[in-house]
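Before any comments, here is the structure.
To keep things simple, chains are lettered A, B, C and D as they appear, and every chain counts its residues starting from 1.
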Amino acid sequence: MTQARRRHDPAVKHFASDNYAGAHPEILQALALANGGHQIAYGEDVYTEALQEVFQRHFGPGAQAWPVFNGTGANVVGLRAMTAPWEAVVCADSAHVNTDEGGAPEQTAGLKLMSVPTPDGKLTPELIDRQAWGFGDEHRAQPRVVTIAESTELGTVYTPEEIAAISAHCRELGMLLHLDGSRLINAAAALDVPLRALTTDVGVDVLSFGGTKSGLLFGEAIVVLNPSAVRGLIYLRKSSMQLASKMRFVSVQLEALLAGDLWLRNARNGNAMAARLAAAVRDIPGVTVTRAVEANAVFAVLPPEVADRLRKRFRFYTWNEATGEVRWMTAFDTTEADVDAFAAAIAEEMAQA
Amino acid sequence: MTQARRRHDPAVKHFASDNYAGAHPEILQALALANGGHQIAYGEDVYTEALQEVFQRHFGPGAQAWPVFNGTGANVVGLRAMTAPWEAVVCADSAHVNTDEGGAPEQTAGLKLMSVPTPDGKLTPELIDRQAWGFGDEHRAQPRVVTIAESTELGTVYTPEEIAAISAHCRELGMLLHLDGSRLINAAAALDVPLRALTTDVGVDVLSFGGTKSGLLFGEAIVVLNPSAVRGLIYLRKSSMQLASKMRFVSVQLEALLAGDLWLRNARNGNAMAARLAAAVRDIPGVTVTRAVEANAVFAVLPPEVADRLRKRFRFYTWNEATGEVRWMTAFDTTEADVDAFAAAIAEEMAQA
Amino acid sequence: MTQARRRHDPAVKHFASDNYAGAHPEILQALALANGGHQIAYGEDVYTEALQEVFQRHFGPGAQAWPVFNGTGANVVGLRAMTAPWEAVVCADSAHVNTDEGGAPEQTAGLKLMSVPTPDGKLTPELIDRQAWGFGDEHRAQPRVVTIAESTELGTVYTPEEIAAISAHCRELGMLLHLDGSRLINAAAALDVPLRALTTDVGVDVLSFGGTKSGLLFGEAIVVLNPSAVRGLIYLRKSSMQLASKMRFVSVQLEALLAGDLWLRNARNGNAMAARLAAAVRDIPGVTVTRAVEANAVFAVLPPEVADRLRKRFRFYTWNEATGEVRWMTAFDTTEADVDAFAAAIAEEMAQA
Amino acid sequence: MTQARRRHDPAVKHFASDNYAGAHPEILQALALANGGHQIAYGEDVYTEALQEVFQRHFGPGAQAWPVFNGTGANVVGLRAMTAPWEAVVCADSAHVNTDEGGAPEQTAGLKLMSVPTPDGKLTPELIDRQAWGFGDEHRAQPRVVTIAESTELGTVYTPEEIAAISAHCRELGMLLHLDGSRLINAAAALDVPLRALTTDVGVDVLSFGGTKSGLLFGEAIVVLNPSAVRGLIYLRKSSMQLASKMRFVSVQLEALLAGDLWLRNARNGNAMAARLAAAVRDIPGVTVTRAVEANAVFAVLPPEVADRLRKRFRFYTWNEATGEVRWMTAFDTTEADVDAFAAAIAEEMAQA
């Protein structure tokens, strides 16, 4: 019997981040399956081998999956494999890689990010052109990759057509397209399309596939859709400290997510709970939902003192100190009862405003 | 029920690496305990908080534990927090950080390693002096940290006195001492001393505490014993892509290992099995055990063609192509039967040499 | 007699960059003075020693001058000495360090730049606040330095009061102020103030003092006004490949510039010639001067086909492809005749538009 | 008239470094020739264009010369252009790039150096094999380049045959050969061979050609002999802060050195003066010349107290504190009288030992 102790109440849920959730029970089962005996370390195990076929079913026969530890690692290693040291990455100014990874791209990979302001978190060919210039000019870091997030940091979702337009533009410019898919499953579920409709079929070259926010303990995969878009990925994963020794335990979690419909169940639940929450709060006087609710995020403005009182009951983050905008995230394990209790709390606190 | 499948035979064991082993069953139990409900992400959870006390019991009241994903990450983040960009690290030329981390210290952290040849993997004050000079000379990267491994890459173990002599020498030179403890538990078990006898009590400033090789799924901890030895660790862990979002699952594994005696049971088993293997093969004509067997590694020379045949039955690595020296590692889950079967196979193959 | 050959016509002048100019004759005289015999290499020579006093006369008794090769080097080494690896630099999006140094800060120093759009190239406390937040949050590279250019890339000049307001804001935020002074002499001459009025007296911590654009063959200096603002500068200059072995030849050029009034003569000439050019073209129908002409740059819009024809006679750069805006720079050696010839050529080409 | 002052006695010479010397008078003449008027900045000037032909005369029609500021820059930019971020460089442990560049390769370029002990500063195929292994193993930084110095840090000279053997070995291993030629002219003069006999003709891929130690004010060139060996050099020179804006002044110095026989006169003088010094001191009782004197360096052991007294009259460096070995360097401007005075001083001080 383990000498660790349970220290938390599993009934408590928050609306702060899909990272606050634990792991789906099927994921723990998968770990147990893969445990026991010896397997070759560092990715030559049978689970990682089998994972390739699982990813190819979703992303096409040319897809290669490279399991890594976390989303920052997936993004940085993927982008680094797509760029030479003198090349740069165009992104939205609100991109996670630009704002929330502690400067990892610059500090550990020497990558210059060229950011573009964008109101809804989405890039367009026109916005990309604000930074994609100066090719051949040694005084300018050479724009080489465009990175977009699906769904975005602002809870918005690119349609397949929008991504296709961006990838076509990248091709014209001699650039590559990277997609940060830490919440790709939410976007696909929202649009009711297969994963490849947002990636392989619309010209994405390399993808960070998110597992942690999708119900894993931890674990993501760099998915290479265009092998000619990367160099040295196997070495960079190691030197970027993203190579798991007991990789079978990353791979089997990803298998459990993608072999059947767990990914879709998890994504649909998150999306549905966000929609339910948005619907519930729209009618509360004084609360304004500020952005389209297209995946598993709800952005809203409410009086700061109400937000502060509410936070004593449920955790969530302020998105914009200046405007008082807050972000509410749902997860694979958010229930209708959780949403209803939260909505009721919002209404109660607003009533005392 | 999980949609992943079991794909391997848990009865099969190898002697290639303690990373080939899976996780101890108590570790999986701990994960289940920590699962469910919502916990603050990125280390503000109750498991990570509680972990501090667990580490302090082993390493003293001033110890701070910073969970990370893997050993390369623990070493690189720890060393980077101990050095300014113009400072360097003295290590044995056989050090893992020098030979087996794909150049991670240099590539992702800009760290210069100054290596010293050493026959048994162990540094001494005299050997350190071969590189620890040039203080104040801008033409020389400034030696700032000595890093040693306990147990070493060559299966040898520093005594507390040897580490104390090194740390005293570091103090005299104005340098700091880092210890790569990916197999610290094996060293402590071998010497029958508490973990602090090899670290806190003998002047180690910062420690990489190994969890993965000790029976976890994954997970290590940077343990700061001298807070004045580090700067910016919290930022560097993030920017070095070593910050787990669902950190409770790293922390609870470490708790399970260290709260009771699991670490000691695991370490003793590994060591005992290495001793049993060494004893069994010493009598086989043509097999020479080449190094002291002090922890869970056995180094031996046997004819290359025998090694090749043997490898078809059990996996293990050649350590030195030139001499034909091989390395056999045992793990927390290696059984007497496993060792006996392996030793019998060695004897059989040798008999056909 | 040298075996090299003269290969150009010294009568030809352009309006492309102050880097197109050669060296002031007094600078060549200074090199000859410093030549001959042996001097200690790498900065321990008598010229570098004497240079300290020269800089202190301009920048106050606490100033320390560190000669380097070029402006990119001065900026990157200075900023790196002001930041820990996890810290970031706030700058205007048009800052040279952001747009024209080939990604040097990110690639060679791992520095994250946080850029702010600004219409006239000048930052303000309000604009700085768009990026100067998230202190203590490990997910955000930590804003530590604000860097401004005087004069700016857009030919505008900060007043002492504007710089003082920025430095006061930096102090409130716990941040430092860096000034890219590749054209500091032009700003001081334009405002008719001493160099310290724009730097030491208004709270600048570290300065890149520009020599190359001011009439040197090559050579800049990192000037530290607040010694507590930097760490390891002597080591970083070396490891950043900016330490000249025969440093006497950098230092004596800077001495020649600053010991008397050469800097002021050079700066006043550049500024006067820009003013003369602006005056001359303002009356040409179809040419619009687009920005305040405050130092030695004139920005204008004219028909692209006219610009193309004109460029066959005089070299200059397009600043903005979209608007057709061009930049005309004057230098220490631009003469009234040069300006008049250029203005006449503009008028001629416009007449054929 | 320049406002700088002469501050040193040009009659004083030392034996510390060829960097203590100033510039050859013909070099100053060349600067004057190239001065005046406007030339395109950043290397598109006529002097840099003409320089290509000058280098091609020495190094063959395929040679490309890329002027840079200093030797560290030439080495780091050249090596970086030859390697991907996951690749490593094999060098002698005494290599300048390993010991005297302040960690620049690691800190600014992320380059891992794999050093090999070597008694005379020279590598051989056998010594290279001590580090050139592990190809394809992601745990090992991938050996990609061998770098050698000609002449070496220890004053020894590789024969063309020795370099050819190394380059042939590199080809077999799929590696490239880089040559640090900061004193290439001394080696060529010593062997009485053209520069290409030690580079182009024996399979060197990329070369750092040394100008500063050869009589320039400053300035080196990266010389690419095998264009397929480099990637992105033009961008890396800029982002590594080695791109001179007024490049005509670097290029014309290199032209002055190489267009005629200035390089050979300078090299022969340095070598002859070292030989004269070695001959003069060999007969002094108590002084032992410790290494072959093949270029412009003399290594010797003499009593430390004698060295200390001697240093009050002439500057030179201790090479090895442990053995008391000192290094005496001669330069292009060392005269017979300088050598004789120094040798006499040695004899005088030894007589008082």
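Quick notes on this one:
Here is the rule we go by: a contact is a pair of C-beta atoms (placed from the backbone, for glycine too) under 8 Å apart; a residue touches a chain by one contact, two chains touch by 3 or more.
This one's a predicted model, so the numbers in the text were calculated from it and none came from an experiment.
The interface with the greater number of C-beta contacts, when A-B is set against A-D, is A-B. The greatest centre-to-centre gap from subunit A, using C-alpha centroids, is found for D. Subunit B has its Cα centroid 32 Å from the Cα centroid of subunit A.
Computed from the mean C-alpha positions, the centre of subunit B lies at a distance of 42 Å from the centre of subunit D. Subunit A and subunit D have Cα centroids lying 51 Å from one another.
Annotation for subunit B: residues 42, 85-86, 101-103, 107-108, 110, 138-139, 141, 235, 238-239, 243 touch two or more other chains. If you sketch which chains touch which, every chain touches every other chain without exception. Residues of subunit D that touch subunit A in their complex: 42, 80, 84-86, 110, 138-139, 141-142, 231-232, 234-239, 243. Interface residues of subunit B, counted against subunit A in their complex, comprise 1-14, 16-17, 19-23, 25-42, 45-47, 50, 69-73, 76, 101-104, 107-109, 212-213, 217-218, 235, 238-246, 248-250, 252-253, 255-256, 259-262, 315, 331. Within the complex formed with subunit D, the subunit B residues making contact are 85-86, 88, 99-103, 106-108, 110-112, 115, 117, 133, 138-141, 321.
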